[in-house]
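Please find the structures below.
Shared between the two complexes below is subunit A, which pairs with subunit B and subunit C, respectively.
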Partner chain A sequence: MIVSKNDIPSFLDKLIGEYQVFAPVQEGSYTLFKQICSGADAALTDGNTKLPAKEIIFPQSEKLFSYNVTAEGAKLESIIDDRKKVVFGVRPCDAKSLTLLDNVFNNDKYQDPYYLTRRANTILVGIGCNSPASTCFCTSVKGGPFDTKGLDLLLVDIGDAYVVEVVTEKGKTLIDNAGFASASEADKAAAAKAKDEAQVTCQVNTDGLKEKLDVNFYDPIWEKIHEKCLGCGACTYLCPTCHCFDIVDDAVDCNGCRVRNWDSCAFPLFTLHGSGHNPRTSNKERYRNRIMHKFKYFVDNFGEIACVGCGRCIKNCPVNMDIRVVLEDVRGSEARLDS
Partner chain B sequence: MQKLADQIKDAAKKLLAEQKVDLVIGFAEGSLPLRGTPLFARTPEEADKLTWNLGCENNLANYLRKREGKVAVVAKGCDVRSIVALIKENQINRDNLYIIGVPCSGMIDRKKVNAILGGKELLEIEVNGDTATLKGNNCSETAKVADLLHNSCKDCRYGNPVIYDELVGELLPEKETDDFAEIKKFESKTTAQRRAFMNSEFSKCIRCYACRNACPVCYCEECFVDCNQPEWIGKSALNTEDNILFQVVRVFHSAGRCTDCGACERACPMGINLRLLTRKLVKDVKELYNAEAGVNMDDKAALATFTADDPEPFLVKE
Partner chain C sequence: MKNPYLPLPVKLVKNFTETEDKLIHTFTLQFLSEEDEKSFPYMPGQFAELCVFGKGEAPFGIASSPTEPGFLKFSVAKVGVVSTALHLMEEGTMVGVRGPLGNYYPVEEFKGKNVVIIGGGFAFTTLRSLATYMLHPDRRGDYGDITVIYGARNPGLLLYKEELAAWEQSPDINLITTIDRPVEGWNGRVGFIPAVTEEVAPSAENTYAIICGPPVMIKFTMPVLEKLGFPAERIIMSLENRMKCGIGMCGRCNVGGKYVCKDGPVFTRAQLNELPNEY
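Presenting the complex of A and B:
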């Protein structure tokens, strides 16, 4: 199927009646996923949004339930967001990140109703990347600029129109009644050409990385790697796969809410025990955890690297800690089985 | 720039080879165009990576607190002011610090570069005298370097390091005094307008604390936002009021200590206008006490001293 770019706003307007529609919106110098009230608000520009699409399914702060304690007892009211959503214009890397997060929130030990309800009620409409940025390395982490993992529909930009590829049944239902024309052979050829020409120039070699991380917990390389890291949470909060969270009670007297907030392994409070002991005493241990979690622990637990190569951490680090360089340093370091 | 880079490299190698210092902290070429990145060199070979360019924007004073051993630092005017402030607060031992001072006429703001490229990615930058050529994918723009500088660099009156052990490069001419024009403009707004601006600006905050961590004078062992017993501030990002509270406390805490280096604003991934608050305090401290942080080794920090003549405008109904 094919849809003209001019028809996108009216298509989105129709969806807005039935769904909460999220799309990239221009906010000053960058774009952010926001719920839109009008299709015209969608800013389908090049590149990634500042914050990843994960916040729609796994918000930075979400109320889990509210409570009210009286002499008669405690009254709980769970807050589950089951509104139907469409995320329009999500990039393949961001969509893939959700398939990784699914492992965390839906596994043998635990099923998270908050995440899973949102996930089940959300349709992801992707737009492939015709011109990946120099910091994009999705192809090195089993993704690609037109990868359909996690997507329900994929749009391929062929200039003044998008060729629509149906990935799932859920995606199909969204466009069944949209009145899109069938893509001609020429349109299909243009889409194939766009896919062919999209070059992900940056490659990150992960060969042997996991094996190295399996044994280098105490390697002196970490002393060197973390040295310039400021210990802020910019990389973790801008990362589509970081998912650590903290749960707090937001209460006045006996009325309150239990809230789940994003947390960051870079913060001193992250693993601080009630006893006052902190197993990750300094920035070295905290930064090491970030790398270990993505490239070792997640692989141990779920068989995949928890990085989709979106490049946000590279672009936004205040001191240019570049994960590509860090991984190269780790791979190049001497594995120390004995220490 | 290349000449400066070579001079810095030579100075650092000499210090390390002669074992006058154990470590030199400076800048290496970063992984992105226009990006210097902090470098920690412990051998003359490592010091070979030192460089100097218009992207050496980080305040390296941040890495000097409570260091063991002898350390040399490559320091711009703003880094040196922060160093002076930290020496006075007993965070840096002057005897163990060797300052390679570099006069600085400003660093380029990548946000301004992005705006000129219309959001396209910068792939290469060439600086020729006072003109910069910015190259992106299938696009190229030229701009005056002066127009691309960080606002903090435009406002800076201390490009020349106020103290140093060795100077590389030429001292720069003095600039006119700072007129705080944008702060005066903000002050002239009504309370409601100021509040509305704060709300819109701080609704962008994601509480990553990059501003705090990039600030050389933010070094409390436990920041009040990290404390959860008692919980001084809401931990969630649901509430802009809490974001404002965080910033206001941070800024008040740095009153009389902030050198207006702009590190907070440069670090913010969300592009929040943080210097509006820090500079308001810089202006107040200057007007009330005729004091500026870190401009010489003699003055006491404005809020760490008291005289009977200190103005107390808050006691007087205006």
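Presenting the complex of A and C:
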């Protein structure tokens, strides 16, 4: 199928009646995913949004339940968001990140009803990346600029129109009555060409990386790697696969809510014990944990690397820590130490 | 879908000052209904998140044993927001309990074996649960000798004095208590846990050792157990990494790829030897 770019706003307007629709919206010099009230607000520009689409499914701050406690008992009410949502214009890397997070929030013992309900009620409409940024390295972590993993529909930009590829049944229902025309052979060829020409220029060699991480926990290389890191946590807040959170109460006396907020393993208090003992005393242990978690522990637990190569942590680190360089350093740790 | 974040409301029926320094209180909690109690089936070694509505929640080991129906017990050191709020709480107040969480001591594996329980300081909570469980008349026959080596800085800091007195008299359990320095009127042993363990020298033959206490105590007791011939598979520990969710999602408590809340808190020394020492 095919849809002209000019028809996108009216298509979104129709969806807005039935769904909460989220799309990239221009905010100064960058774009952010926001709920839109009008299809015209969607800014489907090149490149990734400043923050990942993750927060639509796993908000930065979210009420889990409200409570009202008296001497006789406690009335608790879960606050579960089951509204139907469409995320329009999500990039393949962000869509894939949700498939990784699914493992966490639906683990071998527990299900998280907040995340899973939102996830089940959300349709992800992706736009492939014709011109990936210099910081993108999705192809090095088993993704790609037109990868459909996690998506329900994929749009391929062929100039003044998008060729629409149906990925799931869920995606199909969204366009069943949209009145899109069938894509001609020429349109399909144009889409194939766009896919072909998209160049992820940056390649990170991950050969042997896991094997290295399996054995180098105590390697002196970690003393050097973290040196620049300030422990500000920006990389973790911007990362589509990071999922750490804190749980706090927001209440006046016995009436209130329990709330969860994003947290970060980059912070010293994150692991501080009540006794004062802290198993990760410095940025060295904390930065190492971030790398280990993404490239070893997650692989051990779920068989996949927990990085989608979106490059946000590279673009936004205040001291220019570059995860690509870190991975190269880790891979070459023995050679470096020998010299 | 069951919501693992929702606590069960429970009534605080007793707020007991456990230690002389008043820093540890033991709380007895009662479920509001039998149905609630049934929905909380636990085993020795498991923990729960205790919630003080308006203040938040924190994880604590369950000190009571499933063989003691009708209530839950927790012993809590006053260190921060939730624990302080609990300490100040009046009897009859409503709090919340979320769990049971984590794995438990492998009591099935202990069958037909001797068990040595080694505890230091106020980490004795889930060890009390374990000892009480095994001493229950229906179960005592399942196990061989049960030895408890339990130490505190001074006699006033020992927890569960009533139970200790009863165990002292019981032929079913061999209790050795110790304090760091001599005190007038103390008839038990004097000395640190590692040294006392070496003196008592429990036989490693057909025996499991369960050890819980501050990191230094564990660090120095471990070589003693090894010298006595305990293999790493039969040394059992309980970790206390900082936790929030308790269900393997908040990412806080990992040791390597394992989450203490979900894969632990109980691990064998052999399992820990495979993991980085971030605990």
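Methods note: the second predicted complex is superposed on the first by the 334 of 339 C-alpha atoms of A that agree within 3 Å, B and C clash if a C-alpha of one lies under 4 Å from a C-alpha of the other, contacts with A are read in each partner's own complex, and residues count from 1 in each chain.
The working rule: a contact is a pair of C-beta atoms (placed from the backbone, for glycine too) under 8 Å apart; a residue touches a chain by one contact, two chains touch by 3 or more.
Note that the structure is predicted; figures quoted are calculated from it, not measured.
Asks: Sticking to the clash and touch definitions up top, decide whether subunit B and subunit C on subunit A clash or fit.
Replies: fit
Asks: Tell me which partner A:Asp253 touches in the superposition: subunit B (first), subunit C (second), both or neither.
Replies: Second partner only.
Asks: State whether A:His293 touches subunit B only (first), subunit C only (second), both chains, or neither.
Replies: Once the two structures are laid over each other on A, A:His293 reaches subunit C alone.
Asks: Which one hits more subunit A residues, subunit B or subunit C?
Replies: C
Asks: What is the contact status of A:Cys244 with respect to subunit B (first) and subunit C (second): first, second, both, or neither?
Replies: Touch partner of A:Cys244: subunit C, not subunit B.
Asks: Taking C-alpha centres, what angle do subunit B and subunit C open up at subunit A, rounded to the nearest 10 degrees?
Replies: Once the structures are overlaid on A, subunit A sees subunit B and subunit C at 90 degrees.
Asks: Go through the superposed model and pick first if A:Asn320 touches only subunit B, second if only subunit C, both, or neither.
Replies: After superposing on A, A:Asn320 lies in contact with subunit B but is clear of subunit C.
Asks: Taking the superposition as given, tell me the minimum C-alpha spacing from subunit B to subunit C, whole angstrom.
Replies: It comes out at 5 Å between the closest C-alpha atoms.
Asks: Give me the intersection of subunit A's contacts with subunit B and its contacts with subunit C, in residue numbers.
Replies: In subunit A, residues 246, 248 are touched by subunit B and also by subunit C.
Asks: How about subunit A: which of its residues touch subunit B in the complex?
Replies: 27-30, 45-47, 50-51, 60-61, 131, 133-135, 224, 227-228, 230-234, 236-238, 246, 248, 250, 259, 261-262, 264, 267-269, 314-316, 318-322, 324-325
Asks: Touching subunit A in the complex: which residues of subunit B?
Replies: Of all residues in subunit B, those touching subunit A are 30-32, 35-40, 58, 62-63, 111, 114-115, 119-121, 123, 137, 204, 206-210, 212-214, 222, 226, 228, 231, 234-238, 266-267, 269-271.
Asks: Taking the touch rule as given, give the residues of subunit C at its contact with subunit A in the complex, in rising order.
Replies: On the subunit C side, the touching residues are 1-7, 9, 32, 51, 53-58, 77, 79-80, 83, 92-94, 96, 214-215, 240-242, 244-245, 247-257, 262, 276-279.
Asks: Spell out the part of subunit A that touches subunit C in their complex, as residue ranges.
Replies: 64-65, 67, 69-74, 76, 78, 104-105, 107, 109-114, 116-117, 217-218, 243-249, 251-254, 256, 258, 260, 263, 265, 270-275, 277, 279-280, 285, 289, 292-293, 296-298, 300-301
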